[in-house]
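There are structures below to look over.
Each of the next two complexes has subunit A plus one more chain, namely subunit B in the first and subunit C in the second.
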Partner chain A sequence: MGITSRDLVADKAFKFRNLIEELRSRDYYSDDPKELVDLFDKVATQISEKIKAIREDDDIGIKRINLLLSYYHLALDEIEHIELDNVPVEMLPLFTRILGKLKLTTILVFRPNPMYNYSYFPITRFINGVNKSQGYPEVKDKCDIAVISFPSSEKNSTLLHCSFAHEIGHHLNECFSVAKDIEPKVLELIDKDLLKKYVGKFLESLSKTKRVVGETEVTLDKFILREQMESFEMEQFAIIIRKWLDEIISDTIAIYLFGPAFVFAITEFLLSSQNAEKYSETHPPIFIRLKNLMPLFDELGFSKDLEKYEGIIKRIDYYRTISKKTFDTKDESISSIKNMILERGIVGLFEPARSLVKARIDFPKGICNFEDSRHAVSAFRNLVTGNEILNKNCTSRPIDAVTILNSAWIVRINFIDELYRLLPNIEKSEVRNILDRLALKSLELQEFHSKMVPAQ
Partner chain B sequence: MHLQNEMSRLEYSFRFGFLSDRIVESLSKYEKETTKLPEDDKKVLGEGISFFEMVLKGKEQITTGVYESNALESLMTYNRSLSIVLDMPDLPKEMNAEKIEEIFEELKESLCKIVEGKKVSPLEIRKTRSFFNCLRESTLNDSTTIINGLYESRRSDRWELPLET
Partner chain C sequence: MTILSKSQIKSRIFTDDIPKGLCITPITDIDRQISEGTIDIRLGTRFIIFKGRKIETLDPTEENIEERIREFQERVYIPYGRKFILHPNEFVLGGSLEYLRFPPDIMGFVVGRSSWGRLGLIIETSPIVHPCFTGILTFEFSNLSTAPIALYPGTRIAQIAIYSIENGTVRDCKEMLSKSRYNLNTSPEFSKIHNDPELKKIRALFEKQKHNE
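== the complex of A and B ==
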């Protein structure tokens, strides 16, 4: 009999289950990662059944299960990085509250990422999508589980973690089916004349390349069905714009959740090391993200709320300048046409996306309380936690978490020089780190305070 | 960053990969079975019919410019199926959009006939099976490429700053 390919995959599945058991015995920051371990346990059972059922000579089938197992192994590896004390747990009640207000029961698992990045991964949905095609029922769990990762080296970077709002935005985008319902518009908004021009340019470049087939010399464009090429390029543009739409919607949701703090965090994170015009297939350039965010910033009244802070106004003006960039040009090179198709497509989606976000998601009223913020800013400037407002009768009331985060950002941008002067013998990075820790402590105290029994 | 690009591509390749695995399995059974095809297999072939409906919907949306929900997935499925059909043997010498649409209709029709218990010629079955076999292989290649890329991006000696949230 010997060892067959199917046996090797069965061994791999066995080891996968062992790893699940090992992960189950570890301590985590809460019970949430264990829910994820349980989810993988269910998946491992399904895979073992699948291996038993598959024919030994079904090479493709065996390879596919092997790949699925490799992928789940990789996903499981993500849980391995979660330990008891490497997640900013002080911030988590805020996210639970946000989800609770929107009546969502999702379990968000927070994971330090060895790569310098924030990310969102709706794991249950991925598993259910794959299960459906195998004829398996959906994994019925207590509820939906999604993993949100953050750069492991930034564990205590409270202010940068305002970028979490964007990742929560991805989740809300999926739960409230925002991008999905705008999807037909993605294809509608692809400029068909530009697309034809783009395909024409591409075929033109191929027509200059000659090959000898038999005894005839032909140009490469003759091998391509123009209709196939147009349809394929349409798909490629639509895929990119659809991904960009997810990002734009998540940004829009994030500004409604965290206000200016989100805009400061995301731009600081992105602009610190990348060009405003750089983009990828999954992410629009920063200038396009700001083109969407800045009108919202004004519409929500933040420019007015923050007008007394000179440093902040300068920073906002800088963002506005970046947001005015454009790919629109008279240049008709193939790359310029590509950029124009993408920009026109995504910009045309800003308004439908905003309208649907507002219509579908019932955001809490009053994103940031700028009146309370004055007290928190004052506390942070004095290196004191900014989590409460003291009343004259020696009682106090907590400042809400989003206001605390916005206040810390105001200090970081507008009053940081003041803190440097206050702490002359400490490295500037350390001063910024102190502000981060103060903000984190404020969130912890705020949460504690909000649970206290009111004074009789 | 929503881990969308790789994840949704991977989900797509697994979804349609497993589906085509099951369809090929059911078609093999149909060829061998002398008795009636079991209901479970009919259900699988029914999913194959829905697959071709999505392909044809993709084609229709490109032609008319009127897009519906799931427009992108229909378009992706149409393009992938188009590439497979253009690689299939015994194609007519002159190919155009209408001829390709006819081929999809024929493939769908053969599945419909099997589900309805009507007679289907061995040539029709061979063609349909050949299409789904190509889909099996192409989705397997996609999954392999994506997963290899994911492992590659996590190599311990690699320090990356993707900076995409």
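== the complex of A and C ==
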């Protein structure tokens, strides 16, 4: 008898189930992470039933279950670092309200990420995708669950967390099928002349590499058909541009949700860890993202709304300078041509993306109330939470959450020296931390106020 | 010192001059929150609980006492609509929901509401709110009853009697804000007793004695 492959997989499934039980007993910031545990519970039950039903000699079936378990473990890791006190819970009602206004029922679970990154992971869709690929049924749940992670070292950085808007943007992009409907344009926007040049340069570089076949020396380019190469490279560029398109759309949605606060947060976050031209296959460089965002910034009237704040204007001018960078160059090296193809491709998609975002998503009117913002800014400048407006007739009303966040950003950029002077014996980093805390507390008080005195 | 009337408190709250005004936020129902001479304060969502299993004693003269206090205390979050159960003889720290900023000529005294006191709940053992205080209040809760007490964030838990300091010199709040150890907090704060200068001196004496031995 001995231990069979099926036994080993059964052990793995048993450990998976134990881990779920352990996760269930933890204290979370709300019931939402427990919904995620429930989802895994269903998956574990499904797997256990499959293991019971499978024959010991069904090697392919056992391997398939093993593969599924590996994927599930990967997904389960998403919940591992969620604990009671390391999620900015005071921000969460704002996101629930945003989804509610758009009639979306997705549960967003927030988790600290040991890696220095914000990210979005549609976990129900992931599990269902994995199941489908292995011929398993979808896991039915009352609603989708998506995990949004943030750098754990920034857990108290309320203002940087305005970057959450981008991650929610990814979710809205999926829900309203924005990118999906623009993707057919990607191939059209790949500059064919540049592509030819790119492939030419590539083949030229190959021709320098010689191989000996029998007694004859041949160059590798002889074996490659230019047309096939062009079509292959075109698809490679399209893959990158499609991924960049997702980011551009999420940025576009985010500016509609959070206004200037999003632009300040994402730029500060990204520029703190990389230069403006650095990119990856999944994320465009910062200058391209700003190239998309800055015209929107003006179109939505933010530049005018913020014109009285000198420090903000300087900051915006700095962003504009970055946004004017380009990969367009006369240099015809292979990497320069590649960069140009990518830039032209994605820039050509800005306008269709913006139009479709506006047409598909019914954003709440008035992103930030700059009139109310004056009160919040004044409160923060006096080290008071900026959550309400007091009226002369001894009544008060809450300031909305997005306005609070924008006001805190105005203070961070425009009046931070004033706060340093107000707290001369405190380290500057701690002063900025105090502003983050005030902003978070303001969100809590705003939410409480809104619940206690429902809007008329 | 004179206790302020309801209308005086209102006029200090509803002013555009933030530095000179009395800030207590949020104001959701002014007539329920403010009475003659006092302002009701609600319970916040953050608590600090104590877990003494690993700690032998809390000796404020110990060298690494700050670290030990953090090992001994743990932050807990209870959202609105949920309850925090305080068991008999248990001691926890809680915070006010309200964020406050006192001007230089006003001070306050915090007292528990008698309705809670009659259930056995003891609130606050250091009741003075100094002029220029800015932040949330930290409450020290004890349950002297024989039954557990449920505490709900958002409910009125204490009140502050508001006094104006007559002929008081208007001091600059800057120094107070920068130096006072419990200012500018937005959730209850761990004890910072280790910063007491006399304790530092006592610690130095101990070390000297040890060295001589």
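The rule is short, and it goes like this: the second predicted complex is superposed on the first by the 423 of 456 C-alpha atoms of A that agree within 3 Å, B and C clash if a C-alpha of one lies under 4 Å from a C-alpha of the other, contacts with A are read in each partner's own complex, and residues count from 1 in each chain.
The working rule: a contact is a pair of C-beta atoms (placed from the backbone, for glycine too) under 8 Å apart; a residue touches a chain by one contact, two chains touch by 3 or more.
All figures in this text were calculated on a predicted structure; none of them were measured in a lab.
Undergrad: Once chain A of both complexes is superposed, is A:258 in touch with subunit B (first), subunit C (second), both, or neither?
TA: Touch status of A:258: no partner.
Undergrad: Going by the contact rule set out at the top, does A:16 touch subunit B (first), subunit C (second), both, or neither?
TA: Once the two structures are laid over each other on A, A:16 reaches no partner at all.
Undergrad: Based on the superposed arrangement, let me know which partner A:438 touches: subunit B (first), subunit C (second), both, or neither?
TA: second
Undergrad: Considering only the touch criterion stated at the top, classify A:115 as touching first (subunit B), second (subunit C), both, or neither.
TA: first
Undergrad: Compare subunit B and subunit C by how many residues of subunit A each one touches, and report the one with more.
TA: Between subunit B and subunit C, B touches the greater number of residues in subunit A.
Undergrad: Name the contact category of A:228: first (subunit B only), second (subunit C only), both, or neither.
TA: Once the two structures are laid over each other on A, A:228 reaches subunit B alone.
Undergrad: Using the superposition on chain A described above, determine whether A:388 touches subunit B (first), subunit C (second), both, or neither.
TA: Second partner only.
Undergrad: A:415 in the overlay: touching subunit B, subunit C, both, or neither? Say first, second, both or neither.
TA: In the superposition, A:415 touches no partner, neither subunit B nor subunit C.
Undergrad: Return the residues of subunit A at which the contacts from subunit B and from subunit C coincide.
TA: In the superposed arrangement, which is not itself an observed complex, subunit A uses no residue for both subunit B and subunit C.
Undergrad: In their shared complex, at which residues does subunit A touch subunit C?
TA: Checking each residue of subunit A against subunit C gives 27, 29-30, 84-85, 89, 378-379, 382-385, 387-388, 390-392, 394-396, 398, 422-426, 434, 437-438, 440-441, 444-446, 448-449, 451-453.
Undergrad: So in the complex, the part of subunit B that touches subunit A is made up of which residues?
TA: 1-5, 7, 10-11, 14-19, 21-22, 44, 61-62, 65, 67-72, 75-76, 78-79, 82-83, 86, 95-97, 136-137, 140, 143-144, 147, 150-151, 153-154, 160-165
Undergrad: Please give the residue numbers of subunit A that touch subunit B in the complex, ascending.
TA: My answer: residues 58, 60-61, 63-64, 67-68, 70-71, 74, 77, 114-121, 126, 129-130, 132-135, 163, 166-167, 170, 180-181, 183-188, 192, 225, 227-228, 231-232, 234-235, 238-239, 242-243, 246-247, 250, 266, 269-270, 273-274, 280-283.
Undergrad: Give every residue of subunit C touching subunit A within the complex, in rising order.
TA: Residue positions touching the partner: 10, 13-14, 18-19, 23, 25-30, 45, 75-77, 79-80, 97-99, 101, 134, 136, 154, 174-175, 177-179, 184-186.
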